[in-house]
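This is the structure I have questions about; it appears just below.
The letters A, B and C name the chains in turn, as written, and every chain counts its residues from 1.
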Amino acid sequence: MSRPVILLGAGGHAKVVLEILRQIKQPVLGVIDPRLKQNHIKEWQGLPILGDDSDVSLYPTDKIFLANGIGSLPGQTLRCSVYRQFKSSGYTFITLVHPTAIIAEDITLAEGVQIMAGCILGTDVQIDENTLINTGTQLDHDCKVGKHCHLAPAVVLCGNVQVEDGCHLGPSSCVVQGCHLGQGAVLGAGSTLLCDLPKGHKYLAAKSQQPTKHSQ
Amino acid sequence: MSRPVILLGAGGHAKVVLEILRQIKQPVLGVIDPRLKQNHIKEWQGLPILGDDSDVSLYPTDKIFLANGIGSLPGQTLRCSVYRQFKSSGYTFITLVHPTAIIAEDITLAEGVQIMAGCILGTDVQIDENTLINTGTQLDHDCKVGKHCHLAPAVVLCGNVQVEDGCHLGPSSCVVQGCHLGQGAVLGAGSTLLCDLPKGHKYLAAKSQQPTKHSQ
Amino acid sequence: MSRPVILLGAGGHAKVVLEILRQIKQPVLGVIDPRLKQNHIKEWQGLPILGDDSDVSLYPTDKIFLANGIGSLPGQTLRCSVYRQFKSSGYTFITLVHPTAIIAEDITLAEGVQIMAGCILGTDVQIDENTLINTGTQLDHDCKVGKHCHLAPAVVLCGNVQVEDGCHLGPSSCVVQGCHLGQGAVLGAGSTLLCDLPKGHKYLAAKSQQPTKHSQ
């Protein structure tokens, strides 16, 4: 597992991925980012810019790992399509777990899964390819999460929750025990899901009160 | 404190309790579960099935500890009644703290309390018998929680909150500083309590918006 | 950085600050608290009562640090005014980070910042003077928080959130990525902010359902 890593993307999520790579002392060759190449920028966060997506082919598929530094919001497909494109070219994505994450011994993490700082994953949790479990998110016992999902910061899944492929769970959302989220389902920030959510559906929190000027 | 443990129950919560017992290297004799005995199942999670509740009496009260592996939802009484039954027979329940929990030095945990992974307990917190503080839940300074309560995953108690016996606080619920929850009170998942809640009352979060099909 | 510390205040927050000082083995000379002095109380939490604010002047500004043990709620100004008063007299406030906090290497914490147990601060986070980041609060990459703010327990800031001076974010509130909170803005407990909040405005969560007596 000691191949050097090429980081795809140079935005906010890429910075957080780079922090994990440095914490676990994984050597990083450089960064792939079309915009930075186009703007003739040579360096980012102390790493060389290696070019755009086409430049990855200069590196043999069995000599490097890729790290997906592209974030994800509802409606965005880039994180997923970049993963699929490089997988079809034969590359391997590194699976990353921040050293501060609390991980039961028997969990299963597929290729390219990213577990960020302070996450808690309980016994028998399973997470499929390229899924991003963001900062401080917790999954209780027996949760299963599909491919290409994003669980945003501070999401809470109680025990035995099933999340199908391509779901987006917004920050501070919560799913009670045993619920099922169909493919591509979207949970809004701060929402609490008490029942199943069908494929392709979204579920938003109650509308907040209007902001008002306070007396201070 | 080095007596071996018998685990009561073989469901989801029991798996999480077993994970703590293994992390702290506590020897476990086996599991008590009426359904598994009835179905002639001999093993669960690598442990022998020792029988049903009546089979516990084969073990002297001063040679073993019991661990309560029964979970708890509002309206369920099994976790509490099993605890009371075996206490009246003279048994002792082990108090469990997951090694990753953040615990101030001066907290007080009564018999059978269970503190799961990633919890944070501030200075002068007191928790009474058989209460379950579930994954990632945090109690700030001077909180007091009674007997037979369940604080579900990711509950937040600010400073000086008082929770009487038999309360259930749903996942991701929050209680602001200084509030009091009367006996048997229930907080819904994702709710935020800003005032006292009387004995036997429940308090639910605002109703969410209806799920809708999204355009993706 | 090995000067002894004088703790200002003797309430709930002061206890939590003292717990950090003891965990990091910082010597503490005693406590300043007008009420305790007035009541002729000599000791608090094992520390001597040194007097009221005027008694701080007995200690040279270059021989001690101060620790701000005064908490903060919306509309309260004491924590801020005490800080300013002693700064103008030439004193220095110690910056405190609980040893269990998860802190990226490149964050910037100004004088007097307090980071409580279990917080998570991502890469390039910046926090300005006298701001209190309370228990279990998490700030993702590139968040900036101004002076004299209080982020209550379990607040969640997604990436790139900007919080101006003097804001109060209630417990379990959440701000999605990229939002801006103007000076003195207030977020209610359990609220989820999806857009910018102007200077001097407050934003409250949706009203919960009325408590009802349940059938148990």
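Basically, a contact is a pair of C-beta atoms (placed from the backbone, for glycine too) under 8 Å apart; a residue touches a chain by one contact, two chains touch by 3 or more.
Bear in mind the structure is a predicted one, so any value in this text is a computation, not a measurement.
If touching chains are joined by edges, the resulting network of the protein chains shown connects every chain directly with every other. Superposing the C-alpha atoms of chain A onto those of chain B requires a rotation of 120 degrees, given to the nearest 5. Two copies of one chain, chain A and chain C, touch each other, and the residues they use overlap weakly: the shared fraction of interface numbers falls below half. If you average the CA atoms of chain A and of chain C, the two centres end up 31 Å from each other. Those residues of chain C in touch with two or more other chains are numbered 172, 190, 205-207. Those residues of chain C that touch chain B in the complex are listed here as 12-13, 15-16, 18-19, 100, 117-118, 134-136, 152-154, 170-172, 189-190, 205-209, 211-214, 216.
Those residues of chain B lying in contact with chain C across their complex are 74-75, 102, 104-105, 120, 122-124, 138, 140-142, 156, 158-160, 172, 174, 176-177, 184, 186, 190-192, 194, 197-198, 200-207.
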